[in-house]
Structure formats: C-alpha cells, structure tokens
C-alpha cells in the first residue's frame, strides 16, 4: 500500500488540494470584500438583488417556467424524429432518392443559417397571417414549428456525423450476412450512431431549453417574458435574476450530465 | 384690463425665467443645456416623424414648452434616445428628463423619480373590423370573451387582468409592431393601449384596425398618468414640477393636448 | 470430377490506379478446403471479398454452382446466405449480445426464429455460458467464435475466412482453429486466407501461394511445403517458417 511512490503521490495531492482551496478562498474573499465597495453597489444591489421582490415574483416565475418545460417537452420528440429523417435523407444513396438528398442538404443549410429569432417571427406571425383559423394559428404551434425546424437541422447534422463515424466494417459484416441496406441501417448502424451522439445531443437540448424563451416574442408568457413584465411593473431587475436561478436549476444538472456522458464515452474508447 | 393682462404675462414670463434660471442652473448634465430622452423610435402622435427636434407631436411640444419654462432656449435642448430598460437601469443617466409615455406607478417611483403628470391617458381597446362584424361591442361582457394582447413594458397587463379578467390568458409582446402582426395573424382579438396610441395604431399600422372604446379615466381608481422620468433623487425634479404647474395654470398644456391629441374625442366609453 | 462449387476465371480488380488482382483462376470443389497463403498485400483478402461479391470484380467470372455472380447488377442477396464470411477484426455488433448478433440475420433475412439452432451452435463451440454477454465482455477468441457462429446461423454451404486468427493473442489462436477443424469434419466448403502454416499444412486439401495479385503456385500441402518449385514460394516459406 504505502510504497515510496504512493507516499510521494499522496503528499503531492495534499499539497495541490491545499493550494486550490487557499486560492479559491482568496478569490471569493476579494469578491465579497471588494464588490460592495464599488460606488454603485447599493443601487445595483437594490435593482438586481432585492430579497422582497425575489420572494414575491418567484412563484409566478416558477409557474411560467412550466410553459417552457411544456414547449420543450413536445418539441424534443418532433426534433429527434425530423432530425433523423433529414439525416437519413442526406445519406440516401439510391439515384431515385437524389431529390431527397438535395432537399436534406438545402434544409440543413437553410435552417442552420437563419437565426432562431428570425424564424420564430417569420413562422410565428407569417404562416398564421396566411389566414389560418383558430386554433390552428396559435403562436404555440407555429413557434414550436420554428424551433423544430432549426433544431432538427442541427440534430440531423449531429446524427449524420454519428452515422459516418461507424466503421465501414460494421456495414460490411451486416451486408455479408445478407441484411438489406435498410435493415443494416436500422439494426446495425443507427443504434450505434445514436448512442455515440447522445452527449452532443444533450448539449443541443440545453441550448434548446434556453431558446424556448424566444417564443415569448410572439406572445406566449413564458418565464423570461414573465420576468420582463415584473421588471416593467416593479422597475426592478431582480425578476431576471430569479429567472436565471430557475434556468440554472435545470441547465446545470443537464450540462453536467452531458459532460459525464461524454467523459464516459471517451474513457470507454481509450 | 389690457394693462393687467400685459402685466400678468410680463410677471409670469419674468418670474418663470428668473425662477428657472435659479432653479435649474447647475442641475443639468451639461450646464446651460437640457438633455431630454425619448423612445427609439418615437411614435406618433407623441413625436411626429420620429424627429423630436422639430417640436412636433405632443411630447415633443411639451418638452420644448417645459424647457422654455425652465429657462432653456430651444437651441439649448438636446435629444437622446433610450429604451425602457436603459431608463430604469441603476447608475448614472445620460439624460435630464425622459419622456416616452412612462406611466407613474408606486413601484417604479421607488427606483426613479417622476415629474408631476403631464397627461392623463384614457386606456382604449383596439380590435379588428372582423371582430366588430363578429359582434364585439364596447361592453365588459364582450371584452371578457376576447383573446387579449398587450405590450410587456406597459401597465396594460395588470389593467386587463384586474379590470377585464378575460376568459383566456393574454399574450404579451415587445412592442406595438408585434401586437399589430399578431392581430393581423388572427392570434389576438384585442389590445389595450393608451387612447392616442390606439388611434394611431388602428389608423396607420393596421389595415383593419378599429378603436372599440375607451375606459373613462375619471372613473378609474388610479388613472394612467404619464410623467417625465428622472434619476432617483434628481435635483431637477422640483424645477420640472414647478414648470409643469406653470404650464397647466397658463392653459398651455391643455392647448398642446388639444392640438396633438384632438382625435381622442368621440371614442365611445366602455360600459 | 464434380462441378466446382466456386470457379473463378480471369478475375481482375483494381483500387484506383493500383491493380490488386491480375487475372485469378481458381476452382473450389464442394467440401474442399483451400488455404491462401502469401505476404501481406499479395491480394488474399481482396480475392476472398470478390468471392462473395463484397468487392465487385473489374473483369472475369465468379461462378457459384455454375451461375456467374460477378455479372454486373446480379442480385447478391441470396448469394450471401450461401457464402458466409468471417473477418480478421471479428466485426461483431457491439450494441448487441452474442445471441442477438447471431439471431439478427436469420430473423430479418430468413424470417426464422432460430433460437434452438443458435443455442446448439453456442453449445457446440463451447460458448453456451456466454450467449447473453456483450462483445466487450468476451475475449478475442470468444468473439471470433461468435462471429463464426453468426455466419453459420445462415446455413451457408461455403465459408470464407479472412485471417481470422491474426488479431488474436497467441494463446487464443488454438480455440478458433479448433472451430475450423470441426467445420472441416462437417464437410464445409472453405477458403481461408491464413498465416497459420502448421494448420494449413495439417488440414488443407490445397494450398495457393499468392504473390503480387496472382496465384504464383498451387498444389497439395506436402508439395508446397516440402518441395515448392518457385523461387518466391521458397523465399516466402523460408521467412515465415524460420
């Protein structure tokens, strides 16, 4: 157990932990001591960190966040299905399917190229403006469509990179067993590809969770809009801080989980 | 009679100029200059053609009248633009006064200073020709059943929620342009604006806009009143209030209102 | 002499500017075991891949029971059920258990739930206790045996083996060669590319020495290993048998 090497390494580790702890304390200490000394701190504190407003707006903001979660929840399956369809269309080899390949390529270029906000306005106001009756002109529907268009383009590219990362020998093995191209994709390539891109897709979902807020531009009162309303009424920015805290409660665990998956994947390969 | 009038005018101008030069002196951002902020863009009928320098439009005209009252010549007035957020941010301001239809509320007053009100705005309901043809009337019952849209940074949302209590929750937008788009997309039936804005939006921005009715401002417990916004604890506030009082007393404020907001008459009251 | 199971005539194959096969003629009789030997890059692997159509040939014929499967546009689906192939790098599907690796093709291609037959195969090749494991839980030798079972589950009459012991640790080679012995006893038609000279000498009916894309010399194991006639064959054997 305690070889000379082990003892040395234990000493080194203790030293490193001590140093890390000390430097963290110094930095935090400086922040806590120096920031309140800034001339505008009192004003900043009352407009961003008002405890009373925090408590007063928290319940409504948490309730508004349920709308973000709902939009997120019904967007994700649509994004995944459409992203997969586009990825497969882009990989289609048969000449008859050439139009699908072209369509897939244009789709990805187009919707990855347009800022999401623009698409939210364009689709959210534009398509219902063509004269759709209620409830089919709902901003929830068309805002979701805008998110799905953008994010499925990203997911399609991620999936395609996953499909291409599966070694050709896997395909050869399947083909040599007599499996059709379709079955090879479905049973051999895709399950491996999808598993491989889980971390990348997790990051995508974290970004989506934040972009759901863009739907507020076309009417829905989700958390960011609710915070904006409170800000206007109370002339105070604390509601935005509340919203940020609520967002972090969801996105931090999600990003950590994505990192964990990514590390596990990397460890498995080395 | 004539002499008394002349004397009064002389006294008024004299006291006005004298008082102002004493009152506002050294209290503005730049000595001898009054810096006034408006929206970006600034809308009709508050500012005509987004050019406040011309003094055309209600708020632009009030601004120059205020400046004159406080002893600043027109050429000593400079204009800057701010958003709502910038206006209520903590820290230094780059304006002495900010006029962009800020409703005076107690919560806002804790963070910034407001002048005395320069306009009491009736709130009005804008809707579409189609909705009116579909049976919309200026009654509370009819308003309850409509799908509402409001601008986030205005006080319209609490008014809709408390006064009208609609059956479906309202949609909320950044600005009038988005309200217009949503109404034309058929996503909302009705929007609540101050009356002048409602009239302008219905007539100019919408193809099928109608102002359905207005709420009686005198009946409201807390009427929507616009005030000029200043830095919290601004030394200028007493001067601005004094100048506004003088403009009100002289009937000049009423004259400006009559000139720029005359369309506001003739809109039915909501029952 | 019975009709050959496989008959290659003048098979050529290039990858870009590099010609890998320069006109190969080769017949394999039913039940025969042929070993391809030769240096790396001599074309053994490519030749095997041409035999089941995995690599389309540029010119020449590949006849399977008299039918030219090298005909451009020929439907190779049925051919691949008759000819199984096992690769050097196993190529098991890592996301499936050993059993699912084997059962996939019978289920999807033959429409058959071959559980009983598959379990028998696992038992026969000493893998009954590993049937539910994932590839990364198996040793190289076990994985390669699963790969053989996977090919056998399609009930092929011919098997191609592409240096299937080359990627294995030396102590694991034996268990895989034992599998080949059993197949030999079953009368399976087999073509092997191999570096296992002792094994080839012991079991093969015929040895083909490949050099630079041609079959430079062929004959019975005794003739090739004891008294090769070509200089290149002697050099090659001297270098590998030393």
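Each chain carries a letter (A, B and C) given by its place in the written order, and its residues are counted from 1.
Just so it is clear, a contact is a pair of C-beta atoms (placed from the backbone, for glycine too) under 8 Å apart; a residue touches a chain by one contact, two chains touch by 3 or more.
All values reported here derive from a predicted model rather than from experimental measurement.
If each chain is a node and each touching pair an edge, is that a line, ring, star, complete or other?
If you draw each chain as a dot and join those that touch, you get an open line.
With centres defined as the mean of C-alpha atoms, identify the chain lying farthest from chain B.
Farthest from chain B by mean C-alpha position: C.
Of all the chains, which has the CA centre nearest the overall CA centre?
A
Need the CA-centroid distance for the pair chain A / chain C, whole Å please.
48
Measuring from the mean C-alpha position of chain A to the mean C-alpha position of chain B, what distance in angstrom results?
That gives a centre separation of 41 Å.
Determine the centre-to-centre distance between chain B and chain C, using the mean Cα coordinates as centres, and give it in whole Å.
Taking the mean C-alpha position of each chain, the two centres sit 87 Å apart.
Quick check on the complex: what are the chain A residues that touch chain B?
40, 43-44, 46-48, 121, 124-126, 128-129, 131-134, 137-139, 216-221, 225, 228-229, 231-237
For the complex, which residues does chain B have touching chain A?
Counting only chain B, the residues touching chain A are 84-85, 88-91, 105, 107-108, 110-112, 149, 152-155, 157-158, 169-174, 178, 181-182, 184-188.
Mind listing the chain A positions that touch chain C in their complex?
169-170, 172-180, 183, 187-188, 191-192, 195
Show me the residue ranges of chain C that touch chain A in the complex, using the header's touch definition.
52, 54, 77-78, 80-81, 84-85, 87, 89, 91-95, 104-105, 108-109, 150-151, 154
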